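By written order: A, B, C and D. Residues from 1 in each chain.
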Amino acid sequence: MQKLDLLALVPPSPDPFDLEFDKPREECGVFGIYSPLPQNLAWLTYLGIFSLQHRGQEAAGMCVANDTQFLVEKDLGLVTQVFDDTMLERLGIDDARVAIGHVRYSTTGSNLRFNAQPMNVRSNKGILGLAHNGNFVNAREIRNLMLEEGTIFNTTNDTEVMLNRIARYSRLNLVDATSRVMLEMRGGFAVVLMSKDMLLGLRDPNGVRPLVIGQRDDGAWVFASEPVALKAVDATFVRDVLPGELVWADKTGLHSLQVAHGQPTPCAFEWIYFARADSYLDGVDVHESRIRMGEQLALEHPVDADIVVPVPDSGIGAAIGYARASGIPFDYGLHKNPYAGRSFIAPNQDARALKVKMKLAPTSAVRGKRVVLVDDSIVRGTTSSLIVNLLFEAGATEVHFRVSSPPITNPCFYGIDTAARKELVASHKSLEEIRELIGANSLAFISERGIREAVGGPGLCLACFNGQYPAGVPLENDVDKFALEI
Amino acid sequence: MQKLDLLALVPPSPDPFDLEFDKPREECGVFGIYSPLPQNLAWLTYLGIFSLQHRGQEAAGMCVANDTQFLVEKDLGLVTQVFDDTMLERLGIDDARVAIGHVRYSTTGSNLRFNAQPMNVRSNKGILGLAHNGNFVNAREIRNLMLEEGTIFNTTNDTEVMLNRIARYSRLNLVDATSRVMLEMRGGFAVVLMSKDMLLGLRDPNGVRPLVIGQRDDGAWVFASEPVALKAVDATFVRDVLPGELVWADKTGLHSLQVAHGQPTPCAFEWIYFARADSYLDGVDVHESRIRMGEQLALEHPVDADIVVPVPDSGIGAAIGYARASGIPFDYGLHKNPYAGRSFIAPNQDARALKVKMKLAPTSAVRGKRVVLVDDSIVRGTTSSLIVNLLFEAGATEVHFRVSSPPITNPCFYGIDTAARKELVASHKSLEEIRELIGANSLAFISERGIREAVGGPGLCLACFNGQYPAGVPLENDVDKFALEI
Amino acid sequence: MQKLDLLALVPPSPDPFDLEFDKPREECGVFGIYSPLPQNLAWLTYLGIFSLQHRGQEAAGMCVANDTQFLVEKDLGLVTQVFDDTMLERLGIDDARVAIGHVRYSTTGSNLRFNAQPMNVRSNKGILGLAHNGNFVNAREIRNLMLEEGTIFNTTNDTEVMLNRIARYSRLNLVDATSRVMLEMRGGFAVVLMSKDMLLGLRDPNGVRPLVIGQRDDGAWVFASEPVALKAVDATFVRDVLPGELVWADKTGLHSLQVAHGQPTPCAFEWIYFARADSYLDGVDVHESRIRMGEQLALEHPVDADIVVPVPDSGIGAAIGYARASGIPFDYGLHKNPYAGRSFIAPNQDARALKVKMKLAPTSAVRGKRVVLVDDSIVRGTTSSLIVNLLFEAGATEVHFRVSSPPITNPCFYGIDTAARKELVASHKSLEEIRELIGANSLAFISERGIREAVGGPGLCLACFNGQYPAGVPLENDVDKFALEI
Amino acid sequence: MQKLDLLALVPPSPDPFDLEFDKPREECGVFGIYSPLPQNLAWLTYLGIFSLQHRGQEAAGMCVANDTQFLVEKDLGLVTQVFDDTMLERLGIDDARVAIGHVRYSTTGSNLRFNAQPMNVRSNKGILGLAHNGNFVNAREIRNLMLEEGTIFNTTNDTEVMLNRIARYSRLNLVDATSRVMLEMRGGFAVVLMSKDMLLGLRDPNGVRPLVIGQRDDGAWVFASEPVALKAVDATFVRDVLPGELVWADKTGLHSLQVAHGQPTPCAFEWIYFARADSYLDGVDVHESRIRMGEQLALEHPVDADIVVPVPDSGIGAAIGYARASGIPFDYGLHKNPYAGRSFIAPNQDARALKVKMKLAPTSAVRGKRVVLVDDSIVRGTTSSLIVNLLFEAGATEVHFRVSSPPITNPCFYGIDTAARKELVASHKSLEEIRELIGANSLAFISERGIREAVGGPGLCLACFNGQYPAGVPLENDVDKFALEI
């Protein structure tokens, strides 16, 4: 009933001109490293989470431990804002063995400094640090039970629920307690967890959220949300963590336990939009899958036009694929201003339209042309209509909008902020109504089958497109209430 | 074993030129308000804790609640640094009913942002906020027991232990649970605690730490460490909270429960040094008691001299008393530079000597004079010797050092940072050795009996002078280990 | 002799991971607006200079005047850093008539807060504000003469020299004095100048630096370095200012005076690299000219390969042109991380290599492929070799480097920071030596003739390629001395 | 006509709770050092201006030179805010020979970052740095003449006028040109001026503003506004600079030229209020003069009362004198909160009354007592009435206000901000009206004769009391217009 609005620093919102406002938002990236050779792990963790910055821009944190110290630093802001020279120097103990790092958007829990991760606690298993990506659909039920038993909660963060559960298995060691808790928690999640002696990583039974394993030449083991973080620290990709698997690294090496056995259904949006173009997840290359999405889209929804133009940067791969399969030339029709804006009240202007205009600028390539505009997704549709309008103003004669994901009709309960259901334009408008809204001459989405073929390999979670939630839903199917109620 | 060094922002250390470095440090000031009339309590709490700033300069915080929101803000820094316009505007909901505030030095727990108070948690009694002044001598034992049972601790703060205990009494209401916990915790402490409907205040069974009650014309009840905070919010002083008493204010008015019955032994240092000159605690006026300390000191330790000079500002009262009882003229012999310095490496200089020189400047009053120098206490003795030296350099012919507290020989376990025992100069040096160290022509301390007579009224905790701890000591009598061990 | 190192705030260097380090650096962008209708010009100027941010990232400033106030704000930092809400509110007087703005790299004069532009002075022509882009080759001679006459200089900025000269014509009005000074100063420059009643714009006799004129629907006249700034404030492009032309706007409208008659030789690098892809300068579209450069490059230097990959973002246009003319498929082979880095000491690593690795990431597109890598220029060659290496590490079998500008062999004296001559790799190494240095299988630059054909229209300044300086050189042909000597 | 409001950073106004708001404000403190032994002079200059912080709290600056570098740093803020570690490290070249420093309130010229001192310019006499305390009454006339000749002015600062004049004597060396300009400028001023080889100091012909000379053991010469700055850098007091004297230090030693011969009339307010209690100016000890002022006041205006209470800190000396001469006991009746406040809108409260209440707190000493309240001056009278009211609220039975300066009836044109004439309560109200306004039982000011006797020694400038301006007035006798008009 009450709102625990733990007021804190205003997040230095990275770019209010950001077109990503109208995209699904990944909530987090995680990184962990265990080094048999004591060394400065703050530096490596910094590089790791900097390379995962695209997965979350509202907060960053890390913790680092050697035998006698367990240091943590976290705050709202970009990695480079949170970790200035002073911070890195303090965390940069040169005999660290374990470290974890985190970048985040908030999902459940408000957008707060005090909710930033990693979370650190003292428990009967020593000091622990935990960072997670994803969402537990039954965290609220478990928290309510624990509240009744007399537990207090310092944050609104699901992470604290998981740590409380691990501590409650007071007679089990850390690995056994964690594997027990993996079976209690439901949802889509990837977690890195550390004590001063050990790094653990785990992935939900469906593998909805990604986690990969790498190793450096000096023997250090690295767990991270994407292989790009392995490259950043000169680690070689070893393999994906399996759905339902618990892995851990300690002085005796790398270990694994297959805790749960579920149907692998990784989140399709990792390939469509979230993951970096140079990533590789569950055996599928991201850039190649985007090329195939564009090719598939051209096969499913051909059109007679003069040029193919991507909405930069996420539409580039699919636009190249569309151009190749259709034979229509690719061109650089929209220039993206790389400088971040700031929020303000724009006197006498439409702030959203201004935002798009200051961020995206049509080049002369579109003048007098029939344009195929390729984007990866449509959430609310507001930005899309502004971009279409820009193209017409710049002299495009036709705009054919092609989208490399199916229409989003359902919220995600596994850690993606897709906006509430009622804001999803595809949940309540027909294709023709959306086309009219965005003002394009034609509009088409890739089919579910098309996405499955383009990504190939594994089963996929397509819940936001088709409402089939492989890892269940919260008791009350209302993500908004879920976030605020106490 | 391990050090949980939850690294955080460097505290904007208020003044490295501060002479108070070599004084006992009060750890905290607390403030709470319950208003039957909904209003902007952030503003009143700001005034309250600003007036208590002398009790703690390393962190400040407050939380404010109405029926639907529970807001908190806290950070390292002075009250005016933590609460800028933006903060006060956000906390300034105009229908608040309850608020608490806090200023602190750290005692147990490192000096951290994440350990700043008030602490806020969700529990089976709703959201709670708690701020405390003092120290629990058995917090560590209780924490260890709870760790074994599977409880996790997010901070190294004793406050979290108290909140966990209150929550464990899951079948009792907040008042009953709190009164039960009062009996479990030992030490010297004064606490304010709030839910969205109620403000509670409590004082340890010996009343070691102060807490007073006031009321505003609009009916709002105020609990605070000193009456100066009542004046700041236009509240009238009602009475002191009694040792061992639990008081609470809610929509039905002010209530009281005498939970514990101990021997009242308030901390003598409140009158000697901590409390503001215009405060009034447990029936004794602070300024008047200091005048009496000076008079007593003149009776016990007379000397033939030309002028009486206080070490500003805390020695002024006792110097006036000494001048009156001795008939030697009072003069303004040391000017105190009101501007705060900053820390740095002073090239080729003695940093401590420079610090004193930049902060205190002898006036012409001391030239050619035999000076009685009056200070409130000697902890390490380092600053004292530098001040004596300044006076001689400025032409004083004799310096007679008079101290309005007895020699400090023992650490405090009730919330005062007096330095470790081995740093206390009086714990290992004779009077003559100290005199020689500081370079004065004579040196004398007030007697314990003298302090008792000057303060009058109640019994007093004089443990730091005589080692008699009325509220017990930690299991392991080592305050340094206590602070860092986990 | 001496170094006037007017130390100031460290510039919040926007991105030390920036690949642009090894590019020629444009020094400045200018913007001015005269509005017959009094209105908030701070806001429009903000939008204008934000859209010119690519022309200078080290300082930003603006000044705004109405009949009674002449406000200025400037500092080191990006536009969005310098102009926060408070600043924009203060400058946002709602009855302004004239405003100018500026973004800069430093060229002559150190990189200082006190040297930031616009410069504001009081003179016999009232208060003046001036912002310029470019460089005067004879500023030092004029300054020395004025010093001897008894003039003092507050800054090391050429702008102050120009303002001093304008003031010296104490019997002429502002327009006449300015036109006189235009004839005295030599070099490449575009200037906007304001009094409280008038906005002036001027371009050097060769038109080396660009300046365009636009008009808003409400009648306001806008002068700016590029048409993109006109679009940002909803102004329609009217025409380029002509080489040697002085234009001014006041309450009687727009006026022009052709002060000097030179050979038009705009800087070729505006099309090659500086101007935004959606700009249009001296009658030539920037994006189209880049496509033609790529086509020309493919004709001059064909190669047998599998894909064409641009170095993002500036190489995209030429890469598309190369792909079209050669028939080799364009692909997204290098992903650019949009997040800005920060400078630090990288323990045990090659900082430059790390910088490139954190900023650019090869995608799977290059694996097993013969790659044509297209970039716009090579200055020092250091970054180029690191990029080539990244491609080979990612599995490219061959890398053929194609550059859409000729080899840079000479410094620029007209406002571009191309590095000192000895750092220019093409000034002392043969083509084969450079190819070896960067490790490509082949290397080729577009010819001077090729650039002329691609840009078409006007004559061009190609001095950095061929040493023919159309507007003369400083007396001592040494740009390094020039900057620091007094 | 126009307002040149060179908007800049908001000054971090040091303390809006400051009682000094209603005092005359000294505009500046200056410091200079010439060291034959090359050393880190930034550090010494920092100590020097920190000890002069009481003379100006709105901006601070310094410049430092060795043979090849001339570094400057200045900004709005306290010395400790402007000069953080980074700044001091950059300025801390270890082979400096000359440095000057400055703290300021603004007088003429707005309160701006760009107007902060020292000012640095390049001229035909090399690079110069200048810092001044005081005001030139004919600066505006000189500036207007120079504007007509074609000179531009970058700031609204009088300092720039002086530097322009010095440079105009292009055939004279620095010493001769400066002595010539000393004769041109009228007003009250003390100036330090440096080139890379020489430090100059000068004082106006009447010696209105102070300047003293000291020397360190290592041979370095120091010029400063007060001897306290000599002590801060371990320099021995040598003598005051004489009225109309120009002194300079270079590698050949200290030199002097008596340029002008005026009637010595140092500003009386230096002893009444501005100078630090431990200073010594023109042969008169500050603390002793204040004691004598209090004694004189007791003789002139005796009263039957119980205690003498100073308004801290500036009234302490006079209160001790009053107590001694009257035999009435001195007491600590007003405690001053040492923590700086911040400005805000106080909801539903009188902001001025709150300001005084948060800053000054009556102790129990005044309860039931007839109080003699001693303050150094009354400017507007607003603060005085609030303090009197505080004393009555705290139980004083009578309050007798005694002021150790005569009534202020005229503005100062020599560098002191006394408020405009119409704000000076004594300029338009009778003694009885002022008494009624402030609510005291009696009110009395020291006589002019009394001040002359208490300060003794030299003639005095008493213009603000009697309107006799020894160094002339501006052409238009209106200090407000003077400040803003252009």
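In this text, a residue touches a chain if its C-beta (ideal position, glycine included) is under 8 Å from a C-beta of that chain, and two chains touch if they have at least 3 such contacts.
This is a predicted model, so every value here is computed, not measured.
*Asks:* Note the shortest touch-path length, in steps, from chain B to chain C.
*Replies:* Each step joins two touching chains, and the minimum needed here is 2.
*Asks:* Per the centroid of Cα atoms for each chain, what is the distance between chain A and chain B, given in Å?
*Replies:* So the centroids are 47 Å from each other.
*Asks:* Compute the distance, rounded to whole Å, between the mean C-alpha positions of chain A and chain C.
*Replies:* 37
*Asks:* Starting from the mean Cα coordinates of chain A and chain D, work out the distance between those two points in Å.
*Replies:* Centre separation, chain A to chain D: 60 Å.
*Asks:* Could you tell me which residues belong to chain C and also touch two or more other chains?
*Replies:* Not one residue in chain C touches at least two other chains.
*Asks:* If I apply the definition of touch given earlier, which pairs of chains qualify?
*Replies:* In this structure, the chains touch in these pairs: A-B, A-C, B-D, C-D.
*Asks:* Considering only the defined contacts, which chain D positions touch chain B in the complex?
*Replies:* On the chain D side, the touching residues are 40, 43, 47, 50-51, 53-54, 78-80, 84-85, 88, 228, 231-232, 276-278, 280, 285-288, 313, 316-317, 320, 324, 329-332, 335-342, 344, 346-347, 354, 357-358, 361-365.
*Asks:* Can you check the complex and tell me which residues of chain A touch chain B?
*Replies:* Listed in rising order, the residues of chain A that touch chain B are 1-8, 10, 67-73, 86-87, 90-91, 119-124, 126-128, 147-156, 160, 163-164, 167-170, 196, 486.
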